[in-house]
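Order as written gives the chain letters A, B and C; numbering starts at 1 within each chain.
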Amino acid sequence: MKTFNRVARSLMPAALGLALALALGAGCGDTGQQRVEFPLRAVGNARAASFDAFGWQITLDRAELSFGPLYLCASEGASAELCATARAEVLAAARVDLLAAREREIGIAHGTSGTMRSAMYDFGITWTTTQPVPTVQPSAPGGHSLRFEGRATRGAQRFAFVADVDLLPPARGFRAVQGRRVDATDALDARALVVGFDATAWLSQIDWDALAQLAQDPVVITPDSKAANAIVIAIAASAPPTFRFLGDTP
Amino acid sequence: MKSKLAPLLLALALTLGACGGDSGGPGTVQVFIEAEDTIPGGLEPGSGDENVVDGWKVTYTKFLVGVGNFRAARTSDSTDRFDSDRVLVVDLTKVPSSGLILATFENIAATRWDQIGYDLIGADTDSVKADGTAQADFDDMVNNSWSLHVVGQIEKAGDVVTFDWGLNAATAFDDCAPPQGDAGFAVPSGGTVQVKPTIHGDHWFFTNITQGAEITQRRAQWIKDSDLDSDGNVTLDELGQVKASDVFPAAQYNLSGALIPITTARDYFVAQAHTLGDFQGEGECPTRKIL
Amino acid sequence: MNSAAYRSKSDPLLRPLLALLLLALAWPRTAVAQPQGVTAPLVKHRVEAVYPPEALATRRGGSVVLEVVVSAAGKVESVRVRASAGARFDAAATAAVMQWRFEPARRGGVAVAAKIRVPFRFVPPAAATSRPSSPRPASQPASQPASQPARQPAARQSAARQPAVREPARGDAAPKRSTSAGADDTPIEVDVRGKRQVRARAASDFVFDHEVLTIAPKQNAADLLQRAPGIFVARPAGEAVAHRIFLRGFDADHGQDIEIYVGPVPINQPSHIHGQGYADINFVIPEVVSTLQVTEGVYDPRQGDFAVAGSARFVLGVRERGILLRGTYGSFGRLRVLARWAPEGHPDETFAAAFISRTDGFGENRGALSGGAIGQYAFALGRWRALLHAAAFGSRANLAGVLRKDDLDAGRVGFYDSYGDPTATAQSALSSRAQLALSLERASSSGARTGMSLWLSLAAFRLRANFTGYTERSLVNPDWVGRGDLNEQENRHLAIGARFYHRTRRFAPWSWLAGNLELGVQLRTDLVDQAQRLLQAPQNEVWDERVDATIWGADIGLYADLDLRIARWVRLRGGVRADVLYYDVEDALGNFIPPYQKPNHIVGFRRTAIGVALGPRTTLELEPLRWLKVHLAYGEGYRSPQARQLEEGENAPFVKVRGADLGVRLRLFDERLTISAASFLTYLSTDLAFDAATARLERTGRSSRKGFVTHVMARPWRWLTASLSVTFVHATLDAPPPARPDNPDPPFQQGQLLPQVPPWVVRADIGANHRLVRVGGGALSGRVGIGASFLSPRPLPFSERADAVFLLDASAALRWRAFELGVEIFNLLGSEYAATEFSFASHWDPNAIPSRVPARHIAAGPPRRVLATLSVRFK
């Protein structure tokens, strides 16, 4: 019994150490970051249904594009090399109605916590590292990135037009749009991401006079035409989609 | 007794003398300004990855930038940083062969500094003229508050188009990283590390706005196509009148990722001027802000 | 009578294990539970001591107590004076006893070296009465009564009689029975060899001898390593790749946190391309391991590079002499054939063994074949004991790689499968090793020891692994993309090293203070040639070059270790170690010129760096009671870096480690129960984490680990051994990882847990070994063992947790005369567990849109395996 008491007493420091360590560590803490999820919503511009472009009155009957896949990246230069690991992504391309004024959910972004500073994305046509040629996603309207149908009127001149525009990735393993800076937001704080598309700005870049001189009805704007080129540069560089993260106060 | 004590004392001395030194003392950082080879050397036509594929040969006679405000901080200790507000105006076609030192920092902690940045900024009266740069050019930069002044020409088969473009495209470049490895640089204790912000000179010949590696083609035809009055000289005003969609066909160009919207050819040039700041040769500084 | 030489005239070919254990024990040592069943040495032939003439003339007498080491061959190996009566009496007694011959001590019927005490009483002529000493026991046929030479008075000697076998005391225990005055037969204490020499450095030193090591089933040396408290070993990548060792909160991906020695040769490879400190112990044949010494923490000045979590040393030796042939066959086509030869009459260190092993692998793409041999030869070289060691090994294994957890959950791939793409099935590893070492040691009778060892090792490594699928783009030609991220890592390593040490004899300036000092030099030079490329399967065309470097490095270490005993119950061990590290790196791809840049220089970047890692290492040991020891230790260590990542002129080319330990050790019930408990702190200036994109270890931030480890070892009966160890650790990252271009501000929370480190590691082993019946002229004995391991859910990145791992291994064997038949079952419960889990982004489905968000990947651990082994032993 005496031996037992002595043993017990000498074990006390170890027991205390054990208890202390348990208190410190049991179930305490994790590795810091978390997986996050937030919806991706798209909104068009109802004004695009009918607007003025340098004297021409443009009326759109149909304006659709395919948006996605989208990657949101930690560095400001979202690109294949600077975004090998993305903060959040939406892998599916979804159809967006550019004439809708109300937001519509087009996907769920999955990712991890951390700051997002830029985005890279495709418009329904992807060219991954393992594909020899670009692939058109099922949501692409008519097999193209964008499709517009409408009428242009200026005084007595009027014609209908149909436009197919492709935003092609420049090379294998790239996205159509890279390095699109967004407001730095922590993915943990993001409740939703709203991407806004303004078709008026894009169509305003077209030289409508030149189209009128084609004297066709309907004018067919093919992906390799100058007008399509103007739309591509507008979407990619002059009036790109706006990215707005919604926080806790929607 | 003495012989017995001696080893004991020696041993005790050794034990007590052990101070368990850490990584050693601080070091020095020397910041050089380096010009990419395309500035003094120009670009050659050809089909290689480093050539201008549409046959134009490019040469610069002047390439002045205002560069400075080097800064460094580290993620492991956000309170520790060092910086300099020295701005140098330098003609990168005339950088002395011994290199151009922007700033020297001494007594810097010997650790990894991974948040590096510097500015390409408009010159002002506080700016310093670099050796080898002409006084007249320096005065031009200061008087106009330009951050960039390039003078050169493109030439193909006898056809020469000259340009003289000066503007303020002040940009802050941050989060610089060498081509491989972790961002920033490590200061060796008791030694000196040479850090080289590198100014590139061919970005407005790229067919995209590069973010990471410069995987791109080089084309110069757009300058020729912007010569609206065909006088063999392209001015910034002429560039401002040329629609981007006219000279940058989508089949060849991808203009996404610019800091400013691109509607005209001038916007393209300015957007590319906002990307000139690189690091340690081909390393990028992807965090860019217009000042 | 002719005077005897001081030197032992023992046969130079016969070297006892004790001497070599002394050599191996320039290392942390500790006491261990004493196995039972030992018989003492018996005197066969005795020689009289010659009374010193000077003392005779002055009628002086004295008592000398000698501590005599009797070899396994029955000859006197060394003599040490425990109680002195003056130089002349000591010399006379020593000279006499050197010529004595013994029947050696035996344990379990096998001859072993032993240490005994022999008192000599020199009675001066005035009081001399010729009393013959009376040897009592009848079991000493060769002993003779002390005769009296005609010219000299009798020197009284005590007779050796069969002493009662008792458990030895650890440390400087006083003899169990005191000599009564006038009695002329003093019982001899017996200590089975070596155990009294061992001293604990901290409560975290463990020595496991062969019996303990063989309790639970073992297939390879890594299973032996699991005996140490807190060690868990996984093998996520097959036989040709080093094990993943968990110890004290360190997840040594391939051994980089544990300094491992096999014999005199250090195994860790500095600046290895897969991870600095890569230590592949696949070449160690478990049947030739006699002792495993594990030191947890870095408190011994002898611990050098890579001793971050601790050190492990495999001491090789074969107790059972003769020839052993062993064949194993079992699940998944596992076949292993081993031949081992330990010639009779030679010490345990002399042996040769060779093996071949093959397996089809427990799942797709896991076949492997390996073969190796180890040989040692112990001999005398003048007054030196020498050991020659040679080993060779080669292994090639196919690797299954890792699988995405979402593919597993969706059923696209099975748990033990591999991806079917050529870039996944082409994963393989090849490793080979050859090493040679020569050790010399000399122990003088004054207690001083001097030793040296020289070693040479060659290691080659080629790994082809694809973790990320199809994400990479060539740097050499950016058009080449999506060809499969099959990383080929190649590492060729030549290392030469030496160690010199001298331990002084004991000095005692005052009665309450005694000690000795050891000084040593350890040096090594490494030449490493390494490369990393991207290959396109199946023809392995090279489509990118990532690394091409040659590193010449050296590590010159000096240490001083002072061992002081203050009063009877305080022991202070302290020392300091300084290592000079230098590196010369030739980085052939440094200053790389990308294809889109005009060449304006020649590619290649050479860097040099040199620095000194200096740190104290001290242990304070208090022994307030005979069965209780309390330890407090502090030490600073280092780990050499990946030399390619050094900056030019870097003055501190290493990672700094600081650790502290506090522990107790109890030895109860005649050492049948040993309990040790220690709490520890370890701080690392830069930690490492595996990066799947580069398939290497990359730097992360500062880290700290706090925890405790408890070990209980019980041997209630001679035939039953049980041990239990519990380790708890709280490992945190204390500074954010360095910023990278694609992650300029890595998210970080102070105190976030370090991923991959299991908070709880529990290991339990029970083994029984007993004679059953006597059958047909021989004893039939049986052995059963059970080993259980438990890892609590490991924290993974993004606040996830891996599943807990519980593994049960069992073995049973029957032995009759020369034959032994055994069955081993690994993973008895057949649990489907992941040997490793990672989080990173990968793209495996070529037709799908790639995901760039980090996902969980697992490498499967082996399922239930049953192995049958037949062994034949003959002399």
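The definition used in the following text is that contacts are C-beta pairs under 8 Å (C-beta built on N, C-alpha and C of every residue); 3 or more make two chains touch, one makes a residue touch a chain.
This one's a predicted model, so the numbers in the text were calculated from it and none came from an experiment.
A.B. asks: Strictly by the touch rule at the top, which chains does subunit B share as contacts with subunit C?
C.D. replies: Neighbours common to subunit B and subunit C are A.
A.B. asks: Using the touch rule from the top, work out which pair, A-B or A-C, shares more C-beta pairs.
C.D. replies: Answer by contact count: A-C.
A.B. asks: Between subunit B and subunit C, what is the separation of their C-alpha centroids in Å?
C.D. replies: Centres of subunit B and subunit C (C-alpha means) sit 53 Å apart.
A.B. asks: Report, in whole Å, the distance between the mean C-alpha point of subunit A and the mean C-alpha point of subunit B.
C.D. replies: 30
A.B. asks: Centroid of subunit A to centroid of subunit C, CA atoms only: how many Å?
C.D. replies: Measuring from centre to centre gives 56 Å for this pair.
A.B. asks: Scan subunit B for residues touching two or more other chains and write them down.
C.D. replies: If we look for residues of subunit B contacting two or more partner chains, we find 175, 212-213, 215, 284, 286-287.
A.B. asks: For subunit A, which residues are shared contacts with two or more other chains?
C.D. replies: 75, 80-82, 171
A.B. asks: At least two partner chains per residue is the criterion; list those residues in subunit C.
C.D. replies: Only 473, 478, 741, 744-746, 748 qualify.
A.B. asks: Given the complex with subunit B, which residues does subunit C contribute to the contact?
C.D. replies: Checking each residue of subunit C against subunit B gives 473, 475, 478, 504, 507-509, 513, 515, 517, 560, 562, 564, 574-576, 591-592, 594-598, 600, 609, 611-612, 614-616, 618, 636, 645, 647-652, 656, 658, 685, 699, 701-702, 735-741, 744-746, 748.
A.B. asks: Which residues, counting only subunit B, touch subunit C once they are in their complex?
C.D. replies: The contact residues of subunit B facing subunit C are 1, 4-5, 7-8, 10-12, 14-15, 17-24, 27, 37-38, 41, 48-50, 75-77, 110, 112, 114-115, 174-175, 177, 179-193, 212-216, 281-284, 286-287.
A.B. asks: Name, in rising order, each residue of subunit A that touches subunit B in their complex.
C.D. replies: Touching subunit B from subunit A are residues 75-82, 117, 167-168, 170-171, 174, 176-181, 205, 224, 226, 228-230, 232-234, 236-240.
A.B. asks: Which residues of subunit A touch subunit C in the complex?
C.D. replies: Where subunit A meets subunit C, its residues are 3, 6-7, 10-11, 13-14, 17-18, 20-22, 24-25, 28-35, 69, 71, 73-75, 80-89, 91-92, 110-115, 126, 128-131, 171-173, 186.
A.B. asks: Give every residue of subunit B touching subunit A within the complex, in rising order.
C.D. replies: 175, 207-213, 215, 243-246, 248-251, 253-259, 261-263, 267, 271, 284, 286-288
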